[in-house]
Each structure stands twice: as C-alpha cells, then as structure tokens.
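Consider the two complexes below, in which chain A is the common component and chain B and chain C are the respective partners.
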Partner chain A sequence: MNCGEGIDTRQVDELFINLDPIQAGGRLTTDAMKAVLAYGDGYSVCDNCVKPFRLDHISKPPLADFHRDLADFLQMDVARLVPGARRGFQAVAGALVSPGDPVLLTAYSHYTEFLSVEQSRGIPFEIPADELHIITPDAAAARIEEVIRTTGKTPSLMFVEQVDYQYGNLHPVAKIAKVAHQYDIPVLCNGAYTVGIMEVNGKELGADFLTGSGHKSMAAPAPSGVLATTDEWADKVFRTTGIKGDLTGRTFGIKEVEMMGCTLMGVTSVGMMASFPHVKKRVKEFDRQLQHVNTIVDALLSIDGTKIQSEYPRKHTLTRMNTIDSFDKVAKTHKKRGFFLTSALRERGITGILAGSTRVWKFNSYGVSKEQADHVARSFIEIAEAEGLTITG
Partner chain B sequence: MLQGKYMSKRSVDAVFQGLYLLTDIRGILRDTVPDHRLSPGQKKDAEKILGKLEKQVAILKEELLA
Partner chain C sequence: MNCGEGIDTRQVDELFINLDPIQAGGRLTTDAMKAVLAYGDGYSVCDNCVKPFRLDHISKPPLADFHRDLADFLQMDVARLVPGARRGFQAVAGALVSPGDPVLLTAYSHYTEFLSVEQSRGIPFEIPADELHIITPDAAAARIEEVIRTTGKTPSLMFVEQVDYQYGNLHPVAKIAKVAHQYDIPVLCNGAYTVGIMEVNGKELGADFLTGSGHKSMAAPAPSGVLATTDEWADKVFRTTGIKGDLTGRTFGIKEVEMMGCTLMGVTSVGMMASFPHVKKRVKEFDRQLQHVNTIVDALLSIDGTKIQSEYPRKHTLTRMNTIDSFDKVAKTHKKRGFFLTSALRERGITGILAGSTRVWKFNSYGVSKEQADHVARSFIEIAEAEGLTITG
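After this line comes the complex of A and B, so read on.
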C-alpha cells in the first residue's frame, strides 16, 4: 500500500514491537497523529500570527503558552522550539564560541555537537570516559586544567550528555557542571535522550543551556526539539535582529538571529504540543520503563556468553549489549549468518535492532508494556535455546 | 448543511472526526503489537469508536451523496 507514488505506507509501529535505539521515544502519541492530520500543511500555525510575528507569540494554536510550559517543565527560564537538539547546539555555539576558542565535549558527544563547534571555528577537546563508560567530574576538571595550560585560554563552552547515545549511561551532569562553573565555563546539557523520557530539572543539573529532542524523546515529528536557558544567557543566545537593508532600509522586527527567525512553523510544533500533556505524565512513570528494560536485559544475560556494556542495572532504556560469545558464535555457522537473530526476532513481531548485528548492538525498549517486555525477553531466550545456546539462571 | 455560501462544514467535520476515530484505532493497534490481542477494555473502546465512525460515514453520505 502506497501513500504516494513509490512511497510505501510505513507500518512498523503498527505491526512490530520496535526496539530501534533512536526511534522509541519519538513514537507519536495518538493526539500527535491527529495533529499531523490537521496541521500537515506547510505554514499551518501561521493562520493567526499577528504582531510581533514570531512563533513564540502565537496564541492560536497556543504556542506562546507552550513555550512557557516547556521552560517550566525543564525548570529553566526561557525555552524555544528548535528543529532538533542539534539546532540548539548550533545556536549556542554560534552565540558563545569565537574562532580559535577551545570547547569541551565528551568522549560520547554526538557528532552534531562537534559540527556546531566546527561551524563556529572552535577547537574541540574531549573529556574522556572512565572504564565504566561514565564521564566523571574529576575527568572534566583534569581536562579543563590541561586545556587552559596548553592553550592559555579558558574553554568558552562545555557540552555534556545527560544520557549518551553509545551506552545509554546516565552521567553526573550536576557535578560536572559544578566543576565547569568553577572556571566560569557555561554548560550545555544535551538531554536528547532524557527530556521527555524522564524527569529533567535544568536548575538542579546546573545547566546554562538544556536541549531536548522532540523526535527522539518527546513523541513528536522530526525535526523538532527544544533549547532552554536561564535569564542570564537568554539575551545572548536569543538575541534579536538589529540588521537593516542598506538600500531598502528594511528591518526585521524581533526575529531572533540564532533561531533564524521562526523555527517550527507547522506540523512539528503542533505535534510536539499535542504530545506534551502525555509527555509530562510519562516522565513520572519512568521507573516502570526501567523495570521493563531490566526484564529484557536479565533475560539476555541468562544466555551464556552474553554481556552488557551499558551500566547495569539499567538507569535508561537505551542499552548496549555484547553477544560476541553467544549469538555471534551461532552466526558463524548459521545459514542466515548474522541475520539469523533479527530475522528470528521479526518472526516474533520484534524489530528495530540493526539487521545482521550479532556482536555489539543496541536496543531501546522505551514505551513497551509489561506484556511486551515479557514477550521480548521470552523471545530472546527461545531464539537462544533453538540455536543450542545454554541458558542459566 | 451549507455554512455560508459555499462550505459544507458538517462534511469537513465528519472527515476529521472520522480520521481521528481511525487514529484512535491505530493507537490501539500500536498498543497491542505484535499480536493485536485486545483486552476486554480495549475491545469495548474499539466497539465504541467503530460505532462513532459509522455515524461519521453516514453523515458524509448524507452531505455529499444525497
């Protein structure tokens, strides 16, 4: 069935339990799907845009209130919608980083954090992780000292992930930010895997900037996200235009430079807003999601040779497994080679793990029910047993 | 029923209401993957939704085909 010439109707989430590491938290709520139907047209939120002609001032649909609610939700002072967390990184780096500035990132920083530094012509310095794959305040302090000593400059910005994309580990952002602030380094906390998934309090984290991803963790269409900041930094990162056309004399009202004016002018902002009441509720139920992921991990760990590379017990649903000594051994002689695992999972109505992966792979069980978690757990064990692997425990 | 000179607001409302009701069914399908085995509560919800959907289809027939 097509939804346009040559475009298949996507039915992944209607047919399968989807464990895709980046898709789980962005699955739309029913209300967001309805919003997509009603607001799919291009500039659909602009029907009632009046002076001063800016997205965060539109009251119908209630985007102005939504912006305020988002800031409150994150315990920050000001929030703006952005086309993905990456555009938040770009805005902050654009406002704070000058050419030649050292900028701190971590061993687990997303590539778009690097690109934002590159675009601003900053110089990246990574804070290493420890043997447990955690970024520690001590490592941050050591790297700051080293950067100051070797470059003679204090970094103009530090990026730190609350939960990283490689291991799904929860990093001690509050303690890291405290260290950074001792050197007057502003901190951008990347909450792409946390904002909308678990409760996030920007003030408690000590974040000067906090980014979230709508399409990754707030049940919203892509590209969407949020950039929140404090009153201290708002004027800098959300500075309004002062430019004037030299021939026409045109000026551009109160458009924000780093935002490139209005950001999410249609289905993305309304989809995000439609999911927001559900998102506010679901972050309070994150413990249940942790129970479900730990059910799945425990089942996997009962398969001899299987290891977990993420911290354990899990503090987040994004999880990295190592099955080199279990499923990968099967793959060496299986007629489907490495595809046997994802193929067997698919037969059981489970998808989202990178096809062909039997060595090191990730899954994200966010959003599954207890019944679905039990089904996934049982499926891994059944597949292992069918392939002659030993189950213990 | 015509609204103003040109609009059939009633049929447009019925289209959106119908789409929303189908979306509620889509939500149930998503919630119950992979076997789509509905609980008694979900069956009751689905029955209500489908009943309402039939009404919207009837409105559309009345508005557009009569």
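After this line comes the complex of A and C, so read on.
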C-alpha cells in the first residue's frame, strides 16, 4: 500500500506498541488527524486573516485564543508558535547572543541548542553533570564563576533541559535558574520532553524562555513547537520589524523579526491546536505513565546483569538501559547477533528501540496503557528466559 | 461540523472556486492528502533514520532521492527542505550578510526577505521598478553603482523575485543576475510564486540560490519549502557544524548550521514529496493556466472603467486589477457597500478575493479548469451587468 509514488503508507503506531525515544509524545490525537485533513492545504489558516495580519491574531480558526491559552498553560506571559523547539532556540540566541559571547549549556544539551549558539557565533560552555547524571545548581554556579573568571564576560544566555534527551532525567531547573539569575543570566528552559507530557510551570521554574516541541511532545505534526517568555523579555525576542524599503518607504507592520513573520500557517498549527485540549488533560495523568515505565524498568532490572542508567525510580518515561551484561551476552552467540532483541520484541508487537541495540539503549513508554506496559514488561522477561538469562526478584 | 474543540472544519476548496492570491498553488493533491494522514504523527519520517542521521539521507520514505530530484527539477546542484521559503532567505542572509553590509532587494521584495536582512543586520537597498512594474537589469546596474559609490561597499547579496507578490509580474532574472555577477554579487532568486507552478531553470536564471515555497506553490502543507544552490555556494550556506561541547567533547556529526539540523520531519516533507510527481507534470501545463487567466482578465477588461495593473497579457496567474472606475462606483451606492462584489461572487461559488475589495485587488486563478475560468469570467460580467455597468468589446 502506498500514499504517493514510491511512498509506502506508514503503519507503525497502528500496528505496534511504539517505544521510540522521540516519537512517543508526538503521535496525533484523533482530533489532530481530522485537523490535518481539513487544514492540509498550504495557507489554510489564512482565510480570515485581517489586520494586523499576523498568525497570533487570527480568530478563525481560533489561533489568537490558542496563543493565549498556551501562555497560560505554561504559566508564562507570551507564547508564539515556532517550527520546532529548535527554532525557538534560534530566535532566543539570535536576539540575545552576540559574536564572542560565552553561552552556558549543559553536558546534556541537545545538538540544536549548540547549533543556535554556533549560528549566533557564541562560545559554548557546558555545565557538567554529577555522577547521577543530574545537572546541579552547584555545578552551574561553579561553571558560571569559572567562565566569568576566564573570559572576563558574563554569559549572555543559559540553556538548561528540564528533562534531557540522553538519560531522560529531571533536572532541578528552578534552583539552577535561581543561580543564573544571581548573575543576571537569562535562562532558556528546554521543555521538548516535558511540555505536553507533564505539568510545566514556567514561573516556578524561573524560566525566562520556555520551549516546547509540538512534534515531540504535544501530539502535533512536524515541524511545530512553542516559544514562551515573560513580559520582561518579550519585547526583545519578539521585537517587531523596524526595517524600511529605502525607495518605496514600505514598512512591514507588526511582523516579528526573530519569528520571520508568521510561522505555522496550516496543518502544523491546527494540528497542535486540535490536540491541545487532550494535551492539557494528559499532563495531569502523568503519574500513571510513571507507574507504567517503572513496571517496565522493574521487569528489565529483574534480568540478571541489567542496569538502568537513568535515575530510578523514573521521573520521566524516556529511559536509558544498560544490558551489556545481559542481552548483549546473548547477542555474542545468537544467530541474529544484536538484532535478536528488537526482532523478538517485534514478534511481540513492540517496536521503536534502535534495531540491533543490546548494549546501551533508550526507550520511551509514554502513552502506553497498563495492559501494554504489562505486555512489554512480560515480553522482556520472556525473551530473556528464552535466551537462558536468569531472572531474579 | 468541527475537527476539534472550537475548530470548524475548513471547507473552502471543496465548495468554491478559490481565487485567493496565496492559496491557489498550495492546495494538496490527493496523494498529499493520503500522505498527511499516514505521516501526520510528529517524527514520522524518522523510523528508518540511520547514519549519518540527517533528513536528506533518509531512504525510507525516499527523502534522499527526493532531495536529489528537487535539485534536478530546479537545475541546481544541491537542495534542502526548509520550513517555508522565508527560512531559506534566513539561511542565506545568515551565511552571507554581516552587520552593516548593504543588501539589494527590489521594490517588490516580500516582507520576509526584508526580515532576513533585518535579522542579519544588513542595510536594505531597493532596486526600483519601471513604469510597467518590472525590475529591469538597467535599474539593477544603476542601483548597484549608486550603493557602491555611497556606501563604499559591494552588496553582499541580491534578492530578486522571479514573479512578485504585488503584480504577479515576471521579472528578467537572468539579465539581472548577469549584471549582479559583474560585481560579484550573489543572487537569491525568490521562486515562491514560480517553483511548482511553471518550469524554473535555476542555471538559466543564473541563480546562486533559488527558493521555492511548498505551501504556496508546491501543493504541500505549511510550513514547507526548498532552498537550492550551486556547488560553489553549498559549502557556505549548508556548512556543517563545527561546534564542540567544551567539557564532553561532543560534536554533532554533519548537521547543517543554517538549517538548524533536520528541518521537516513529518507531514510537511512527505506532503511535498507525495505531490512532487504531480507538480513536475503540472509545470509543463502552465500555458493552459495562462489561457485561463487571460480569459478572466479579458472579461474583466470588457467592463467599462476596469484596468489591469499587472503586465498584460498575463505571464502568471496572480493578477492585480483596478476597478476604481467600475465596481467601486457601484459600491458607493450599493446597500452592501464594498462587499457587494465578493458577496455576489460567493453566490456564484467563487471565493478568495479579499472581502470588501472593489478598488485595487488581486486574484490568482491557478489550477482552474477551462469550465471554471469561463464561469468566473461570465460571473464578473453578469455581476457588472446586474449593477448597470457597461460591457464593451
């Protein structure tokens, strides 16, 4: 079956329990599916665009309300839609970082945060993690002091992940931001794994900027996301255009420079908006998701030699395992080599773990039901038993 | 009917002949509609992403082939998908324009071209249009000379629209580029209204950079587009990351700085790709579309007092009319005021012209059939006759 020349129809979440680290939170809701069909056409949200001609002012479909609701949802003052959280990083770095500025990131910062610093020609300084793979306020303070001492400059921006992509660990952003603010360093909290997944309160986090990813965690099509900020910073990052055609005298209304004007003019914004009521509801039910991931982790840990590299018990569903002393031992002699594990999982209707992984690998169980979590847990144990590994506990 | 809380299902192109200036080329094909459903989920194209982990290397769905096909289609060397043509402008300006650099645009440059210059802190200089609303090579040469003389610097970039958004006129890009190249000024040709609509040959145009818009002219969902360039410029605008985590030593593979890594990870790229075979076919049938727009324009011009502001006969379907001395006279005394025209069109199943317009207004008939063009032409005449305007010719 295909959906265009040479394009197979994708059937992953329809047929499998999908544990892909980056896909779990981006599955569309049924309402979003209806929305992508109804608003698939190019500039589909522009039918009723009137003065002042900007995406966040459109009232039909209700994008203006959606922008306000998003800011409220995040407990921030102002929000804008962006083509992915990365374009939020780019906008903030573009507005705040001058060439040669030191910029703080962490040992777990996403590559797109680094790219935004590179594009603005800032100099990156990482805050190290501790032995538990947590970025601590003390480490932040020490690094700030060191950077100021060695460069003679105060960093113009600090990036910090609320939950990082490597371990899925929850970092103490509020305390880190408090430290940063003592040095007047603005803080961008990267909520790509949290906004839309768990309750996120930007004010409590002390975030000057908060980004979320539509396609990663808000059940929306790609590329989509949100950049929210405070009244203090809105005028800087969302500054309106001041450029002028030197002959025609043309000016360009209230378009925002770092947004490049309107951002998501169709399927992406309406997809996010259609999923939003469901997203608001699901963040309140995150505890149940934590029970499910812990069920799966507990099953894995009952397999002798298996270790968890993420913090435990889990505070997020994205999880990093180490099975070098369990599944990887099997792989050494198995006729399917390292592929035996993902192959055996697939036979049980489970997909999303990087094919061939048996050493250190990640999964994200976000969105599974209790029955599915039990099935995944049981499957790991059955596969281990079938390969002669010992189960204890 | 709705497709989510408070979101009415959009039914425009299903129910009407849509003459909206910016929407005509962005209507999805049936294949693209299937694709948006199948690939609606967040990171849906990442299922089979393997080393070197970049969107343009994914072979299933066939994005790698699609990137090559796009470059061939445009007769350029390299192509990348971008979240709208504007993000192509941003990438090129980001790579080429330093603060204080003079940058050439035209009297008809789109606001997003200006925003990209503003973001890079360049200084804009417009090339004026002649009395026929065409940007000429002579005007370009004169402006270049003047800018060099007054600023002491050679502009670092020239933007030029192949077809502009104000008049829908076709500008002599090849000749303009030839002039620019005599001064070693690289040329970005904005093909937002042409790529996907008519045959565009980047080499013949002499474009160093060529942008297209998926949601404006390639039957794709928003935000989507293409930025293509030559081997000469690819290393600069698509340069790969060189930044490094100073403590962890992390580097970030072959991600491209100005692209912010991967760009369109789902519905947008697959939507573009699904429409692409149809787009390749339709650009060869553009002559028929010109016949249709001229049919409509001829009907309008037969209404006494009506003028066309675009070049005539039409070389593009986007067209600017002046009905100050015809429909606007009616509006002055009509009980519906200026809304009588768009209201009467709507009764005849025609939409997309800015509601209330009776003075200077634009339409884009791209995609209509002969029967639809005849119906639109007849409708304008019937409306004019019903309001007592004289038809001649």
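Criterion: the second predicted complex is superposed on the first by the 393 of 393 C-alpha atoms of A that agree within 3 Å, B and C clash if a C-alpha of one lies under 4 Å from a C-alpha of the other, contacts with A are read in each partner's own complex, and residues count from 1 in each chain.
Heads up, the rule we're going with is that contacts are C-beta pairs under 8 Å (C-beta built on N, C-alpha and C of every residue); 3 or more make two chains touch, one makes a residue touch a chain.
Here the structure is a predicted model, which is why all the values come from computation and not from measurement.
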| item | value |
| --- | --- |
| Partner contacting more residues of chain A (chain B vs chain C) | C |
| Touching partner for A:318 - first (chain B), second (chain C), both, neither | neither |
| Touching partner for A:200 - first (chain B), second (chain C), both, neither | neither |
| Which superposed partner A:81 touches (first chain B, second chain C, both, neither) | neither |
| Which of chain B and chain C A:46 touches, first, second, both or neither | second |
| Partner chain(s) touched by A:350 [first = chain B, second = chain C, both, neither] | first |
| Touched partner set for A:369, first chain B, second chain C, both or neither | first |
| Touched partner set for A:70, first chain B, second chain C, both or neither | neither |
| Partner chain in contact with A:177 - chain B first, chain C second, else both or neither | neither |
| Partner chain in contact with A:270 - chain B first, chain C second, else both or neither | second |
| Residues on chain A lying within both footprints (that of chain B and that of chain C) | 13, 27, 33-34, 37-38 |
| Complex contacts: residues of chain A adjacent to chain B | 13-17, 27, 29-30, 33-34, 37-38, 348-350, 369, 372, 375 |
| List of chain B residues in touch with chain A within their complex | 16, 19-20, 23-24, 26-27, 29-31, 33-35 |
| Chain C residues touching chain A - in the complex, by the definition given at the top | 3-13, 20, 22-23, 25-28, 31-44, 46-47, 60-62, 65, 83-84, 86-87, 89-90, 94, 105, 107, 109, 111-112, 114-119, 124-126, 128, 214-216, 219-223, 241-248, 250, 252-253, 255, 257-258, 260-261, 263-268, 270-271, 273-277 |
